[in-house]
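Each of the next two complexes has chain A plus one other chain: chain B in the first, chain C in the second.
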Partner chain A sequence: MRLPTSRAVKSTALTAAVALAFALSVAPILHLMATVVYRGATVVVRNFPSILFDIPAAPGDHQVGGIGPHILGTALLTSIAFAIGVPISLLAAVFTAEAIRRWERMVGRWTRLLVHMMLEFPTIVIGLAVYGVMASITPFVRAFVPGFRPFSLLSGVVALVLVAAPYMYLQIEDGLKSVPQHVREAIYSLGASRFVASLVLLRYLKSTVYAALSIALARMVSETAALFFTAFGSNVYPPLDTDSLFRPVGSLTLAVYTFGLSGYENWIELSWAASFMLLLLCLTLFGLTKLLLRGERRGLRGLR
Partner chain B sequence: MRASTKRTADLFALNSLFNAVLILSVALVVAVLLLESLPMIYRDGIGPLVTSVWNPAREEYGFLFALGGTLVTASLALLLSLALSVGSAVMYAEFVPPSLRPVVRNLMDLAASMPSVIYGLWGLRVLSPFLRNHLMEPLSALGLSGILGTPSPAGTSLLSASILLAIMVTPFASAIIRERLLAVPQHVREALYSLGLTKPEVVLIELRYIRRSVLTAMAVSFSRAVGETAAVAMVVGNTVNPNFFRVFSPGYTISSLIADQYPNAEAYYYMAPALFYAALVMFAIGLAVNLALLRYGETR
Partner chain C sequence: MDYAVYVKDLWVSIGGREILKGVNLEVPRNVVFAVMGPSGSGKSTLLRTLNRILDLYEGVSVRGRVVVEGIDVYDSRTDPPAVRRLVGMVFQMPNPIPNLSIYDNVALGPKINKLVRSRKELDELVRWALEKAYLWNEVEDRLDAPASKLSGGQQQRLCIARALAMKPRVLMMDEPTSNLDAVATAEIEKLIIELKRDVTVILVTHNSFQASRVADHVAFMYDGQILEVGPTGRVFTRPAHKLTERYITGKFG
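Take a look at the complex of A and B:
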């Protein structure tokens, strides 16, 4: 069939525009990854393994030093926040999905609504609010714990829990809701209590649950804005004593931010190195999540 | 039937404590925002929203420049990402061969889950200088700097922030649109082709068919762009710029103002309340977008 010229031209132009838009949205991403890998890997390889343990060199120095305190900080923040956040979101999701009585269903509905709302909070707002709470309770807590401070590992952990919990909660709850009714009935027909039944259901949903945890872990590792006024950042190893929880602590993301914005060549190199490590961490967690969700069309919340 | 004896039912009900934790934390976040900004609201009312004076030494905090910066960058990013995400979603659904789709999908999903601070570093060290040398300088040389402002030496500007935001939110928006595009019923598509339409013409009609989803994708992009902090704070230039519509100049957004100024906040009496007030405004913008989405967005 021959098209009139105007239609043919219009069609070709639209196809070209679509191809151009696609190229323009993919090219920056590829360039970004290539740059981070190239510049970051160069720095890491040249200073391996001291870059993993040392503290940063003085700004403007001809050496780069290392980002040991930031790696430790990310490890501490993430592992503690994970240990606190997982049980909260897991059990809350179980309660919401398995609610039967009227008050139970009402609590479930409210949790769902508010958690949805929290998912839309900018993370800087969450960080700011955590700081606000911590700063206002400081005078009272200091009476019992003299070392208490608002800029601390503890505040960072609280902020990370609030950032990541909604993802875990919603993902697991969606999973529980999607369990076929006959499976649930089979479990209850064996005489299982609701508590036991929910444990069995969670095992039934193993891959969804693990995927939710991996997404949450990725969220925690890659969070920056919520840590500004909570963990605050630090370039030295914290001394290990009873006040460790109440001292500012660095993280890989804060290292990328502060070193990247500094005007010193050696710190900028550290920034590339830190973003390279972050990228590797996120790639690993992303691959893990995709592997766990293989064959499942639903349940990509948090990956987009 | 769900069996539950009284004893085990009580054990299960203990789980509701964790729901209470989640509910209380959301409530607490909102309450703290309100309470901490009250001194500023009480002192100046809506003054900070309509003035552009940031003078901590005299305890004057008008953050219109940041509010304007947020709206300008988020709107520009929205426009750019509308073109980019619709285009790349159409490309994915109609032109990319099915065997290549997983590669493209994984790349876009990965891009959506990467830490924003990495985008910030790339935006600061690669994108901003590039935009300065190849876009802003030539256009300024043509005499547009009177309207659009003067670029800074590093290229950090409201425009760089907008373009970086567009790059960051496109994978999200594109994912929403491409799924709906693939879900257009086959019989609708076949009916259109049977009219003798070309592929691009069919796509245009399909896009109209899923327009509510496109709107949803755009709203999601906008609220993400409003709330994005780390990346924006690195490329926007962090300069008080009352002429926030001059996009070649450096400026502030609300999020970058908070990130940049907070370390100083404890030195002044009203600065912390002013920043909480700004956060409250940002929160309100996000809430308004989400409420609008409930009304006009896709039905779930």
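Take a look at the complex of A and C:
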């Protein structure tokens, strides 16, 4: 039998150390997820399905009620902000990455600088800035739209776009910039206009685009700070009229925060339920993206 | 002045460095026009100037006049894609679009420029181009495979097919046979001569034998200028310039 050499000992020790470090770093995440799932799922299951539709019960009540308005609010805020943010980011990224004329390249440089700065802003500052703008234009806008308010679904949407669009823009822009020059030349040499060339290039970058969009969507879903002064939060359903765009609206993240800090047992339960719904939503998004990307790769393989 | 390509006093700089220094060029229609010259003399840059693909580079400045098939290429009213539709280009480095299939690489040009009206017409055009580029037999059973799976020489011929499928009026080929074996090279040279009937071919080559085999006219480029240009026979038998003579006899370049 051979004695283990010092190198083998060192290697084993290092492997063990790495394994330990890994375990130590994932343990808190797993614990967090387990807690949220355990405490949140308990509440959701016990009150299923009314918790998905009802409004919260009064604080201190023996019932919990539900987080219906918050789920609806998150759905409205994210879907509208996504529908506005995606085309803006795509167009801006294409414009600056495919800039040709000198002034276009200049605009591109300034845009990139601005976007990098926006990504560094704390999102609560973005929310505050949106509130400031909305509040200052309110008197003028009211002349045309009497129901206009600074705390509103609209403000929330604007804030979410400002939080997530810079991220999408940078990811897609970086992707476009990283396309090798000879590939770009190939596409343009066929007589492609910038619009057509961009479509071909975005198709070439499909997985980058998917990843950017899904991460941006997850950021919108989980954004909290930017909504404090904009969407503001609400525990009731907005009435379905033309003014609902200008009324405060709740969100799952705001529900986690306000119910969690409330000190009433039944509301704290709602907070756990909202956390669980958020986690579920983000994991679903994550899974869907993975699935999409895998389908994409398999599609390519199937062609061969 | 009825040339396929007419270039007058063309100066091009990239990032402040002069690359082309007063190029003059007159390429008649339906000829094979070879451009020779040592590495770094500006041949590829000249081709990139003719179809405005140079626009994609940053810090480029172009002075002078370029007229291709009657279009003033650098006029502010000229639409660059329209120029590129007329002037096909085969790049020095084979550059198929890697994620597209072999078929789609060839079909993209005709689709973009709406050259065909039906899927059947497109299929026929793609097949025609691949046959002309002497590639059809090697790829007919895997047209849906990604182009990046082809060998270097196959990619080069794919790029030739891609340019042909656009039915350009002027075809610029930058060392189109650099990756090919003797048989494929002979086929491509045959193709180049045959193409003359319909298009004007501008061929950049390092190989003076190739130039003498296929070209009607040759130009010799040196340090951003065209030192000599003339009918192939004359330039090869009685070069007017010392450097041309030294280049074609293989003494440098």
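Definition applied: the second predicted complex is superposed on the first by the 258 of 304 C-alpha atoms of A that agree within 3 Å, B and C clash if a C-alpha of one lies under 4 Å from a C-alpha of the other, contacts with A are read in each partner's own complex, and residues count from 1 in each chain.
Throughout what follows, a residue touches a chain if its C-beta (ideal position, glycine included) is under 8 Å from a C-beta of that chain, and two chains touch if they have at least 3 such contacts.
All figures in this text were calculated on a predicted structure; none of them were measured in a lab.
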{"item": "Partner with the higher number of touched chain A residues, chain C or chain B", "value": "B"}
{"item": "Which of chain B and chain C A:Ile100 touches, first, second, both or neither", "value": "both"}
{"item": "Partner chain(s) touched by A:Tyr188 [first = chain B, second = chain C, both, neither]", "value": "both"}
{"item": "Contacts of A:Val200 with chain B and chain C, given as first, second, both or neither", "value": "second"}
{"item": "Which of chain B and chain C A:Leu240 touches, first, second, both or neither", "value": "neither"}
{"item": "Contacts of A:Gly108 with chain B and chain C, given as first, second, both or neither", "value": "first"}
{"item": "Partner chain in contact with A:Ala143 - chain B first, chain C second, else both or neither", "value": "neither"}
{"item": "Contact residues of chain A, present in both the chain B and the chain C interface", "value": "100, 185, 188-189, 191-193, 196, 300, 303-304"}
{"item": "Residue numbers on chain B that touch chain A, as the complex places them", "value": "1-5, 8-9, 11-13, 15-16, 18-23, 25-29, 32-33, 35-36, 83-88, 90-92, 94-95, 104, 106-122, 124-127, 167, 170-172, 174-176, 196, 198-201, 203-204, 223, 226-230, 233-234, 255, 258-259, 262, 275-276, 279, 282-283, 286-287, 290"}
{"item": "Residues on chain A engaged by chain B in the complex (per definition of touch)", "value": "1, 3, 7-8, 10-11, 14-15, 17-22, 24-26, 28-32, 35-36, 87-89, 91-92, 94-96, 98, 100, 104, 107-108, 110-111, 114-115, 117-118, 120-126, 128-129, 132-133, 162, 165, 169, 185, 188-189, 191-198, 215, 218, 221-225, 228-229, 253, 256-257, 260-261, 268, 271-272, 275, 278-279, 282-283, 286, 290, 300, 302-304"}
{"item": "Touching residues (chain side chain C, partner chain A) in the complex", "value": "51, 53, 55-56, 58, 81-82, 84-85, 88-89, 91, 93, 95-99, 101, 108-109, 112-113, 142, 144-146, 149, 159, 162-163, 166"}
{"item": "Parts of chain A lying in touch with chain C, wherever the complex brings them together", "value": "100, 105, 181-193, 196, 200, 203-204, 300, 303-304"}
